[in-house]
């Protein structure tokens, strides 16, 4: 039997690499654990001692100030010692290998690696290597790897949906935009399916759809107006700047016309629909400011819940 | 009635954006609060728990290792969690807007933003935006914005003067150098007036004087020797490197000859005059090493008092 | 009598600049102090409050993420407040001088400077300046200066040897590689002699041997196979990338052939010999992966002991 490499022998979460293959119980367990941390954030003193004396290394092989900040603040509120390492891959190639770097930091008695990497699979490679060298007690959290996964983003999205919609099993959810290049979309779709969302829609131009997307159990729409009809949740994706100059899209203006979320298009969704975005937003490209800042938007609560979810994951993995 | 946007409904300090418009009582209150923090610094354990569990974000849109360090050490000695964000404006322009960045960090339950920005008014814009979005409980401290203000520098200068001279109301103070481009000078002059200094002099070449400087209630001197006669306090300004290559000045050597503070020129001041400089110094340009390191210099005590003043401001704003 | 500038009037360690001139008692005292810290690292909560409220500044004028990380984690586990300053020398030359920077940070009530600098002697210059200005209570730890010394590396190497071999006075130790440019080698050889190692060998091509190396009390070998015969400890040095392109060496392949540590060559050493390397390794150049990851290698334990040794040094200098 092929055990999920993220789970230990007791079926508990050991690493968080991807939401794929995690059971509904585990996902719900993380969301439940996050609830009190969301309340902690409202308190005068936002600190809890769950990771006191633990060493968390933010291992960022790809620059992302925003994501690094969310993990740093989450770890500090858990009272961990946090070390930020921005390892730019050009200098890494001159120096030592990824696994030598990991071995070294592990030898410094790390308790957790939060890993961001441009290559899909890097966090898994690290977890595998730690297991192979008898250091599986060091936990790995994927903070985004290539086009593969961004599980804490997926989890905070699920937390947000549950917070506003309570029951996953009656929802229609649309994921809109650059699904092809999005690790976020992948994590979202896996989680939505696992949590029992009956209708998941993907809305994108043909050039931004991965081949075989229909096999993921989603309904595909190229017409955004069709796709938004009657949805409860609209999950916008960020259009990476490099795509806009590429051959895949005619122009940012054209993209906005057909796939930008405007108040007009949003009116096709349910009246109480919520709008989400992983940030940072390209206003006027994938989303109109009137929507981003409008009454349906839960984009900033997503950020707040993101801290709570990261605190939950970190404390479940390494808490004493 | 136009309420000072830095004060809350009870007239207490809510943000620190500029010294302009702050009352003598508030300025003195900050200086008084700083006194015990100056003593804390002498203790074995320099830490106090006033900001325990609070999240302070150092939001530096303009690089300044020195100023960032003073705020970081002040916040850490207050037991805050500190997150450093160096947001270089070129990459910011590619990404999200200033206010989207602020919204995001605010959603991470920030308690305080320490803001450095090349544009005058950026910290005020942030404070305004926080108020407009119902987040005025997050405090903003201006760590230097464009040519506008650098209020904690102004405050530490006042602390230093009070420490050595006790009574502001009998002093003659000269501010010397590049007043035109100096946010420090602006903050100093506002504070000196508010605290009742009867004679404030500004000494600078015509090209480095802002138009309308006389309206600020100061006496203007282009001849440094005239201006220094009988002063109690000499506040030197830093000559930015870019000015030295510009059209405003003949040459660094020429500048030093006419406006560099030498032991000879200093002899024109009162025998117990103190010499101040906000750092970093250009030795041999605006100040002679013999003066910088001499017995009149209180340049290093300024740095020490700067930590205490920043601890005072931060704890007054966000302390529990 | 010329007192060692690293010691205070009572003969206690005041700074750690170089291992040269430190007595066997002092070296052993540091190693003894490190023992319990090595155990701390195994505990659930790895934090001890010995440096609580102390301000440790990592003053890195030369970039070294790895070394900076070891000092940062060591200081945090001692509960110090740590401030990282990467002062790149090009911008430093535009700004203020080394000693003005030091004066400023000292005025912020620093308790310790951990200094890395490309110029030999910079940490000593800083310690001297602190003494000259009455601030000798601020401790300086050399984290590597030019070609001069890297004393904490030397100490962790001694800790490692003592851990595996117990008694220094019966050992044959070989230092292999680019001795000419290595501050590590210098620190190692001083420590090995002080601790009573009877036979210290240096193995290197003629072009990588410092002139007068034999005066350091070592036996010199240009033939690696000769030099490794019967040794208890093999200390490999890192071959800096810039050397490989230089005129001193024919090619990396050639270097590996003659001076790379392979299982074959290692077989000439004692059967229970240990292999050390300060990292980061150039696999396939100075060391074969089969050796680096093999049963004789204690390269990762070196890293672990390195944290303990740095905690020992920092707490001996600044602990309350």
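For reference, chains read A, B and C in written order, and residue numbers begin at 1 within each chain.
In this text, contacts are C-beta pairs under 8 Å (C-beta built on N, C-alpha and C of every residue); 3 or more make two chains touch, one makes a residue touch a chain.
Note that the structure is a prediction, hence the values are computed from the model and not measured.
Arrangement of the chains shown, judged by which pairs touch: all-to-all, with no pair of chains left without contact. The pairing of chain A with chain B is characterised as different-residue: of all residue numbers used at this interface, under half are used by both copies.
Rotation angle relating chain B to chain C: 120°, from a CA superposition, given to the nearest 5. Averaged C-alpha coordinates give centres for chain A and chain B that are 41 Å from one another.
Residue positions of chain B in touch with at least two other chains are not found.
Looking at the complex, you find that chain B touches chain C at residues 41-47, 65-66, 69-70, 72-73, 76-77, 241, 279-281, 283, 300-304, 306-307.
Listing the residues of chain C that touch chain B in their complex gives 52-55, 81, 83, 85, 87, 94-97, 100, 103-109, 320.
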